[in-house]
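The same chain A turns up in both complexes below, where it pairs with chain B and then with chain C.
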Partner chain A sequence: MIAKVRRLPRFFGAWVGLTLWLLLMLLLALYPYTGVSSLTLFVGSQVFVLVTLASNWNLIGGLTGYVDFGHAVFFGIGAYVMGILVTHLPLLISPEWSFWQALPISGVAAAVFALLIGLPTLRLKGPYFSIAMLGTFVVTREIVRVLRPLTGGGSGLSLPPILNRLGDYYLMLGVMGLVVAIIWWIHRSEFGQSLIAIREDEIGAEMRGINTTLHKIVAFMIAAFFTGIVGGFWAWQNTVIDPDVVFIEARTVEMVMMSMLGGLGTVWGPPLGAVIIYFLQDVVWGNLFGVHLLVLGVLLVLLALFLPEGILGALEDRSSTSIGRLLGRVTSRGRN
Partner chain B sequence: MRQIILLFSLLLVASLVLTACPGPPAPVDAPDTAADSARTDADAEKIIYIGGAVSETGKYAREGQDTRQGYGVWLDWVNNEYGGIKIANHRYKVELVMYDDEGDPDTTARLVERLINEDRVDFLLGPYSSTLTQSASAIAEKYGKIMIEGNGAAETLFERGFQNLFAVLTPAGNYTQSALQMLAAKGAKTVVIAYEDTAFPTSVAEGAQRWAAEYGLELLGVETYPKDVADVSGIISKFKRLEADVFIGGGHFNDAVLFIRAAKELDFNPKAMVITVGPSNPKLVAEVGVDAEYIIGPTQWEASMNYADEYFGSASDYAARYREMWDESPTYQAAESTATALALHLAIEEANSLDTDAVREALRNLDVVTFYGPIDFDETGKNASKPMGAIQIQGGEILVVAPGNAAVADLLYPAPAWKDR
Partner chain C sequence: MIADTTEQPLLEGRNVSKYFGGLAAVNNVDFAVCPGEIVGLVGPNGSGKTTLFDCLSRLQKIDSGQILFKGQDVTRARPYQIARMGLARTFQVIRVYRKMTVLKNMLISHQWKDRSILRMLQPSHVNTERRARELLDFLQIAHLTDAQAGHLSGGQRRLLEIGMALMPDPDIMLLDEATSGVNPTLIETIKDRLRVLNAQGKTFLLIEHNINFIVDLCSRVYVLNHGEKLAEGTPQEIIENEAVIDAYFGS
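== the complex of A and B ==
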């Protein structure tokens, strides 16, 4: 028997996600009016950073299917462009202004770097691309170390210690809102469908007249641009950068983990995964101190074993995971 | 196309609505209720809250543990033995609020924010490592909270104009001072330097170049190497051709082992080898055995130094107390952490108040000698008065050779060539 397809009314169905998202943005924007602490605002901006990073990685890693193991390189470039501009160039008007001037440049620099590095590496398929990006990441870190007059070498750069938790909260809320909305739009646009076609069958996509190189590069540059913005923001907010705190492999791993937990290639999966991992780390760390790393590790292994397609993937296609099949069996038993 | 226009108009409307709203109120940092009630109740026991985020896990787990144990020694002593900090005829017990920063700057920032705005601590103690202290001190500065630390030595920390950061340890630039002064006096003429390219060793090496010039030593060569280096023989063979009297090198414990082994293998025979990190750690002798003989190293503190105060007694009394409490010998990281807390304690008593401005003033004026050495902060918050010690490994023992008033042995110079040992 053919399963009945349940559909929401077309217009509503298409826009319900974005509407809910904008509603959530509005609620989050109103949240500080209820009188919250700086710590809450800071935690908020940290979560927004992770959601943005995970969503960006998902664009190239999940939607296009090019698993990028060096994506943190764009974060690093954004952070260093911010650091270099703020410390080496004469400040205009005030230090705060130099931040606002440097922030878009951080993103543009990362996007230009993505163009240059993407042209050769995006020709590589599967694991070769992943390894090439990992290599790019490591090489960039070494170059940053060597360019001592510009980057401060291993000692890094100190930025003016101007912290504004409320401003940070709104800035990252805005960036996150924009990034997820853009990815939502890409997902349902012809551009996004082409990316999915490239992921499923690149040669086939090319045969059908899709300019695969152009599509991949554009997706890569969008992902790099916002990752660079986040990197620039992070440098400013941490007030100090050096190669060992900016270029860390763990940052890429985190992006991959969050996307996979939420659901690769979905719009809402990576944000969900980012939020879950952030608070899971916090809860486990607060309550199971001493064995928290062990507990976290075991949890991740279990997730990989039983939810390989992520939470949203498992909900969409129950037959693909053991938990989904179990759920399906329970619900169908009720029906028979 | 219609969709794009719709999407962007939606975003535009949303942003217009947001900008039209009045600005949100400044964050409300409500005091922690438990801490607050304890504080307002005048008849209850008076408590000073001091907070710190120090690594318990992550890459600084080992040094973080020393730091925590050092703070712990002071806490145990001040509450149980000394009877609490004296302010205006009252005795204040101390409650230490400690978190694990996991060696991660994001976590450090969050925890310091929490200590200041949720736990409402009165003062902050520093984390372990220069990097984390950079992140943490910027937040303390923003909120005008005093942060006193003993485990961030990089000079860049004190070049940011902070008013609330104080450090009891000798800054990195002075690490090699006493060793170079002594070697110059013994007749050394030339020096070569190799250092790891990260913040702290860079500060040490820049200081070494300054002090070498000061004491009339000629600099023949400077080399850097990356973090986690696996082989230093290239640097050593280059230096061998230069035939310098003094070699200065290092960054981490492992580098010390590499330099000693490479020097022996390649028969590199400077008259003195000064290695920045490693020689003062008993593990070095265990690792390289007799090859560690004659190696010189800077030290912040050793139990054999003859400093003393009225609180913890002599340096060796402190070491005994530490051993009793933690069942191991104190490293200098532990001793400087205890001294950090002690300096804050003395400043609070001197200020006779918990008021931040009064205590900051008292810290600026503080001039004492403790079991850890003299403490006298300069205008940037560094403890410029404390000379760095130097040790030399002699007969498998770590013996203090400088500064003069803390020395227990004479510096052996020149060291014999490897083949003559």
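== the complex of A and C ==
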């Protein structure tokens, strides 16, 4: 006989996560009023960007189980759409767009691209999908480099420099708050549970009445939409974009690493992983410049070996990993 | 329950063929299952039973022939579409969602009743959960409700898979070796549960190596050998059929 799992009352258990998240959002919204420096605001918006990216990657890579090694392509598309729309380019007849007009288009463009590329690639299973997406990423970068009249080619585009640290902070706080809340919602909905079913057994899911193609495409498009939004924002904040700063493999690796560290397929894992990785990178970058990539690479290997389910995954299923068992001994009594 | 075979078949295959390269896995097979029947599908290993199942449930495209379900041509339907029409199946290699709890496995298998986008954005309905718990009780695995599916024994997983197939209240169930790897007591449980379900009007098509199981449950049996239909008849006729004995034990 398997013992019953200790559970919180249903209502409390279901909503506690979102309530705490909204509370945290409120605190972060009040934070700038404590008189922080503009550098702190900048750091804040960067962390929010990473949390958003990690959560989005997790939707397709963690929840649906389609490990996307080219997800930064949507970031790049968002950034370039922003860049093209706000700089006055001869190809466009209308005058340049404002940031607020261009931002949603960045997301929509990424989502449409996800639809077009997802229809063929999401038929592929496991590593074949990952490699196809990596290929998509590299090809898109080269196309951007070649389309000189539209994208400025290798030298890229310069966006109007408008510095608004407080605005950036609040915008990304809002986007992050929304994205994580959406992921939380998806996770508890039948849609999200269907995505997990697809991850666990796609043929079984299809045979039990789940339209797997539609589910995967929709998840992929949502993940791409917000990644595109973040890309658009990043281009605006960074003011200079070119293929080599926008389309970098490290950005995808970062998303994968943050999701893995926190816990693939969990709601709160990727945000946690993103925060840890950001500050870890900061420390490593500051003290070990030159070998920082080496350190992060080793960390990724260690993660895959010892914490494949991430921090939250190990806490949830303590018996499955050595670190999980250790955590279990330290933090719980009588869970079994 | 012996069905009236003059009525329209629920599930029908006409000249179904499936080739893997030059190998005819299923070759020109005709068959029909009528509402309320329990039909057995037997044959030596590699005779094409599971391939026929895969063709019927649309996981495999057929190379020629026609498949009808409830009188509709479903030869080109997608698996989820035929599932939503009321066909459920289990698999020879058990397919459960290993990292979900038993209850969540059940809930997410309730897929095609009153589906709308609004519904999909919400957690499973309380009625769905009630049905899941009732079925787990019916299959005598209620004590495992909160266990992770991956931690269950083979036999318990078979029962869970049957439960998942039952969740949407299908009209026909295709069970692929529901008793393999299951201990004798549990086999009796499964047999007993299938009888109850059949009495409630459910139709079954069973792939089975356990001949007693077939004799006890089925009203008709098809025998496949090398992808072709070798014989068809009542269980008694089949176990006395020379050609069938030859195919199983060699001549």
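Before moving on, here are some points about what is shown:
The rule is simple: the second predicted complex is superposed on the first by the 293 of 336 C-alpha atoms of A that agree within 3 Å, B and C clash if a C-alpha of one lies under 4 Å from a C-alpha of the other, contacts with A are read in each partner's own complex, and residues count from 1 in each chain.
The rule we apply is simple: a contact is a pair of C-beta atoms (placed from the backbone, for glycine too) under 8 Å apart; a residue touches a chain by one contact, two chains touch by 3 or more.
Predicted, not measured: the structure shown is a model, and the values here were computed from it.
Contact with chain B, but none with chain C, is seen for A:L166 once the two complexes are overlaid on the shared chain.
Taking chain A as the reference, the larger set of touched residues comes from B, when chain B and chain C are compared.
By the touch criterion defined above, A:E190 reaches chain C but does not reach chain B. When the shared chain is aligned, chain C comes close enough to touch A:E206, but chain B does not. Of the residues of chain A, those at positions 185, 188-189 touch chain B in one of the two structures and chain C in the other.
Residues of chain A that touch chain C in their complex: 1-2, 4-5, 7, 14, 185, 188-191, 193-194, 196-197, 200-201, 203-212, 317. Against chain A, the residues of chain C that register as touching in their complex are 57, 59, 78-80, 83-84, 88-89, 91, 95-100, 104, 107-109, 111-112, 119-124, 143-144, 146-148, 151, 164-165, 167-168.
Partner chain B is touched in their complex by these residues of chain A: 18, 22, 25-26, 29, 32-33, 35-43, 46, 142, 145, 153-156, 158, 161, 163, 165-166, 174, 177-178, 181, 185, 188-189, 237-240, 242, 244-245, 285, 289, 292-293.
Residues 3-4, 7, 10-11, 14-15, 17-18, 21, 24-30, 57, 100, 102, 105-106, 109-110, 113-114, 117-118, 131, 134-135, 138-139, 141-142, 154, 156, 159-160, 162, 196-199, 202-203, 224, 226-227 of chain B touch chain A in their complex.
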